[in-house]
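Common to both upcoming complexes is chain A, partnered first by chain B, then by chain C.
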Partner chain A sequence: MMRQDPAKHYFIWPALLVVLVVTIFPLVYSLTTSFMSLRLVPPLPSRFIGFDNYTSLLANPRFWHVAGTTSLIAFTAVALQYVIGFAVALALNSRVPGEGVFRVGFLIPMLVAPVAVALIARQVLNPTMGPLNEFMTLLGFPNLPFLTQTAWALGAIIAVEVWQWTPFVILMLLAGLQTLPNDVYEAAELENATPWQQFWGITFPMLLPISVAVVFIRLIESYKIIDTVFVMTGGGPGISTETLTLFAYQEGFKKFNLGYTSALSFLLLIFITIIGLVYLAILRPYLEKHK
Partner chain B sequence: MKKLLLGSTALIVAGFVGSAAEAACDPDYSGVTLTATTQTGPYIASALQIAAKGWEEKTCGTVKVVEFPWSELYPKIVTSLTSGEDTFDVIAFAPAWAPDFTAFLSEMPAEMQEGADWEDIAPVYREALMVWNGKVLSQTMDGDVHTYTYRIDLFEDEANKTAFKEKYGYDLAPPETWAQYLDIAEFFQRPDESLWGTAEAFRRGGQQFWFFFSHAAAYTNHPDNPGSMFFDPETMDAQINNPGWVRGLEEYIKSAKLAPPNALNFSFGEVNAAFAGGQAAQSIGWGDTGVIAADPKQSKVSGNVGSATLPGSDEVWNYKTGEWDKFDKIVRSPFMAFGGWQAAVPSTSRNQEAAWNYIQYLTSPEVSGNAAVTGGTGVNPYRVSHTSDLDLWSDIFSEREAKEYLGAQNESVQAENVALDMRLPGYFSYTEVLEIELSKALAGEASPQEALDAVAEQWNALTDEFGRDNQLAAYRASMGLPN
Partner chain C sequence: MSVRDLKGRRRWLALAGCLVWLAFTLFPLYWVGITSFKSPVGVVGGPTYIPFVDFEPSLTAWRELLSGARGQFYSTFMASTIIGLSASVAATLIGAMAAYSLVRFQFQVRLLSGLIFVFVAVGGFLLLRDILGMGQALALIYSFIAALGLSVISAWAPLPGPILKNKDIVFWFVSQRMFPPIVAAFALFLMYSEMGKLGFKLVDTYIGLTLAYIAFSLPIVIWLMRDFFEALPVEVEEAAMVDNVPTWRIFFGIVLPMSKPGLIATFMITLAFIWNEFLFALFLTNSRWQTLPILVAGQNSQRGDEWWAISAAALVAIIPMVIMAGLLSRLMRSGLLLGAIK
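So, the complex of A and B:
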């Protein structure tokens, strides 16, 4: 039964107001802006243009190119993070000597700001002053165009993403591994199951729920990548390494095209939501099976 | 009696203090607080702050410097101007934004537009960049022109001189033309010695397009067709895909191939590092290169930093006739890249007199001269006295370095055919399009003509979107042409 104490209003309404002001208002304002032609530079009068910003974006080859690049970076980086992260988590879970040191060491990249990581990477990959190319030259290889040719640049960005965010996967999966019951493994050993069979029959299925969550979080985060790309390549050469968020930044903060940028932000939101829903729909049967 | 003595002593002391305060406050702006805004420091903001301290001591006024990140500075200023609020008394801004601000700025007081200090400002700033439709609406507080920097030790090495003359048939010296610049770059391209021909910015988002403009200015800034470098000043049709621009881009791409590997990822910071690190025989860029390279703490080539004006050309594209015009001598078109930060007073300011007085102090020969030689202020020479007072620079340069550096700066801004940077409403929309296509051309994904055709098409579309008549009026005003 609901209490009729009027005091509840003093607690509920301010909280609701805060939520409205902090969360809902910016979202609604941004959504409204996405239907307007609103430019700060040059300061043209704003006007309602319906879905024009959205149709213009969807008809813009740059948008699709950028969406493709972002997807390539996100899926490749997250796949590598998951495989490497799982392997390292399994190793750390085996109580190797010096496990504590390894654990701390592996977590350090995650604690560094992405801008700093990208700056370090840019320096490491520098052709004339960077240690990597110096080492390669020492071995007789030519200087490699790490950040200036599309394939190399994409590879470098993915490598940095993997380096920085694999620790997150390790952390989560290691926590999951440490909660698995020992008796299941003891029973498997009594049945003479090989380690490989134990992994595919016990470890992987039992970690599936946490794996799904980890990959989901990383995928969404990877779609928002901007700092690493901004510092390492600036989106170049051309627009070959430009990502959705960097594209939005260029439109918003360089061209001050606010209506277009808002529409782009909502398309990114829709894009990520669709990917998330498809991802969960595909994995649902497996999750149900191993419940 | 004791009371009387105390009283009279107090009066005398108060009188002294009063007259001392009056003497200190010249002019007296006691109680006046100015709010000045610019980008987050140290560059430019520190110059405002240093000047603020001196001005406060001199006038008894107060200056509050409000800094915003680069990306927020424009919207902050434009919203305060268009809303009519008196948020800022002084704004320090990028010259490219001038077209959007000029309608809201107060005119510089007439007394500031005369006398030795006024004449001391280099004419290109005083007569072009500070003027909008015949009115002086801002004051240059930083000079920005591209110049040429080279390694004296390499250029004066006898073996190099002999080998160069044998190969190219003329003496090794700072280049007169861009063709010579490329010859020199090719000659010094020696990766096995960790030495490359040149260093320029090629990175998208790394000041790249200003370097390209410097190349193209030599072929497109026709002395007989002022203001026609970027657009046709009659129709506002983009000129960026004409043969002069294509030639400039072809040479810019050649420069990229004669620069250190991965130079496509160079912004101006990397250019300075490469030159100061002894990896490049020559480079072009702003005055910072010379200052950094001359500093033994930051440089391996200090003592050997030569400077000159940018190379030119004896052929310039004439957009009216659609032909190359041949000249008897080399036409130099030093490019005013970026154009130098401007300081102005919004019409809405309630302290206009004090605000202009602060700008006058900030840009006075003494205060600005010290800022120009103080690292981190971001202030480059823009007064004749900045480049004529060798003593000012003696802590940074050797005598020869100083002479060449200041000579290059001075000759560039005083050049007859100096090329002004583009200043248009929506400037960064135009340059973003250009950056993308330039990157494609540099990466070999598009030919120079294809890339520039794409830029021209998109520039024309932007001009139509922003209003061709408005853009044309702004462009003509920015180029000093009557409307």
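So, the complex of A and C:
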């Protein structure tokens, strides 16, 4: 039911105003700043330089390196989250023994502050005082440099992301699984379809819309990663684990290069938008096929 | 027992898998829990696992933390609590109002009015600042007011072009969530600093951070609440309308009480998001209104390997949210969040 009433304006304007003031306002400011040469330290008079900030960023190998690192972390972490999350959701939905305990336990990581998670990870991964290295030594491995060697550090960050955000995938897919009708499965059972066939023939296609949404949200969120990396490695060793947001923070807050940072954050926005659009464009045919 | 339940060997395999994942999930939390009860000697000597068996628990870390010997924990905790609670209450209320109006009323906005807003805001800002030589903040405020005024007036004029409906407005709100927060956080910091020069101190104030959090929680609140309101039966509202009950009383007296579970879930999700938020707090606060994540992150560089103290600090940030996870999962079991994902 839709109705007309002038009171509707009083309902929507508070939200509209807050969003306009706090998000659009700064956006206008940083969009105009991204076309200027503006530094606070040393203070130089600002001047209009057109697309120079953008071109110098695009020519900066560090930018591409950082973009590559962020993509690697985001795609690997989200892929793992999705596969593990789907498996766990399936198990919970088919009532493994102790399902109630699992549900509460599995939800927790999502609500823990990422900085706290990163600090715990640093303890667990500590070369001399952490339990993981002791465990690895027990298995016969040498003492592994989890946070100080590029490959291991990237792996550690991905593991932390998986630990923290798989619960989100579980939560959403579980809710989706519960809405699936039973009679389809009963029919499949009569036809003697194997569980494997039932999964690919019924469960997966029917959950495709939710899956697409979940992966989309996770992917976009993963591209914004900063707190975990900030605490775990600080972007190191060198800049090998630096992410886009961390790079922007370094440029803006350490070097006070305002025009450059604004341009960088807009490139990140464009980057995320392109990835989102490509992702949806690739998946649209499949979504429509299953409708 | 439904046909979808696992049988026989598969069931036990699934259980084994779940147990492995549970161990992976809970071990870090267990670890931080026991580490906070370790004495300095117990930490440096290498990993130990079970209290009373291979290390003697001590309350050193907690005593130091609670006595305030380790920085201003109490005031940071209070700042986090005050900002978290008030921002999530405000966001839930404002967002619920907007979501309700988007579900029950027809909105029509011309695309052109939106474009007018953007052009007047950007153009006016550049004009006032660079050509008329006005200060940054003043130029922003004037151009913003002009843009808002012109676009509202233009909404009445019979302009050509496509018309945006409720669906598009919801999409616009939700798409705000896609913005990388660094875009806004950094610009917001600069804007707040400019406002400070005009005499309105916003950096490191209650208002400044709370306002930012409200704005950034609104997309998710509107998204969630819209689904809850859509699921409500309209008959009750229609009956009230026949009796000429004004809209605001229908909303506060009938609709809000009916959607209490949805409001509570949305409030909790918003609170968790604000409680754990790092980037805005990093940019917009520096001492008085610093929140827990910043303090916890700072432990790392200040304390080095004092893991017992760091663990206790991290737990202060974790425990309130873990309690909430328990409450939330109870709500979840009643099928409450089902609607939220469609």
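As a convention for this text, the second predicted complex is superposed on the first by the 268 of 291 C-alpha atoms of A that agree within 3 Å, B and C clash if a C-alpha of one lies under 4 Å from a C-alpha of the other, contacts with A are read in each partner's own complex, and residues count from 1 in each chain.
FYI, a residue touches a chain if its C-beta (ideal position, glycine included) is under 8 Å from a C-beta of that chain, and two chains touch if they have at least 3 such contacts.
Computed from a predicted model, the values in this text were never measured in an experiment.
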item: Which superposed partner A:250 touches (first chain B, second chain C, both, neither); value: first
item: Partner chain(s) touched by A:129 [first = chain B, second = chain C, both, neither]; value: both
item: Residue contacts on chain A - larger count, chain B or chain C; value: C
item: Which of chain B and chain C A:116 touches, first, second, both or neither; value: second
item: Touching partner for A:179 - first (chain B), second (chain C), both, neither; value: second
item: Which of chain B and chain C A:58 touches, first, second, both or neither; value: neither
item: First, second, both or neither for A:233, with chain B first and chain C second; value: first
item: Which superposed partner A:83 touches (first chain B, second chain C, both, neither); value: neither
item: Doubly contacted chain A residues - partners chain C and chain B; value: 122, 126, 128-129, 230, 253
item: Residue ranges of chain B touching chain A (in the complex, touch as defined); value: 71, 74-75, 78-79, 82, 99-100, 194, 203-206, 260-265, 273-274, 277, 279, 425-429, 432, 436-437, 439-440, 442-443, 445, 466-467, 470
item: Footprint of chain C on chain A - complex, ascending; value: 1-5, 7-8, 10-12, 14-16, 18-33, 48, 84, 87-88, 90-98, 101-124, 126, 128-131, 134, 163, 167, 171-172, 175-176, 178-179, 182, 185-186, 189, 195, 210, 213, 220, 223-224, 226-227, 230-231, 244-245, 248-249, 252-253, 258, 261-262, 265-266, 268-269, 272-273, 276
item: Residues of chain A that touch chain B when the two form their complex; value: 39-44, 122, 125-129, 133, 143, 145-150, 230, 233-240, 250, 253-257
item: For the chain C and chain A complex, residues of the former touching the latter; value: 2-6, 10-11, 14-15, 17-18, 21-22, 24-29, 31-32, 35, 43-44, 46-47, 49, 94-95, 97-98, 100-102, 104-107, 118, 121-122, 125-126, 130, 136, 140, 143-144, 148, 173, 176, 178-184, 186-188, 190-191, 211-212, 214-216, 218-219, 222, 234, 238, 241, 246-248, 251, 272, 275-276, 278-279, 282-283, 292-293, 296-297, 299-300, 305, 307, 310-311, 314, 317-318, 321-322, 324-326, 328-329, 332-333, 335, 337-338, 340-341
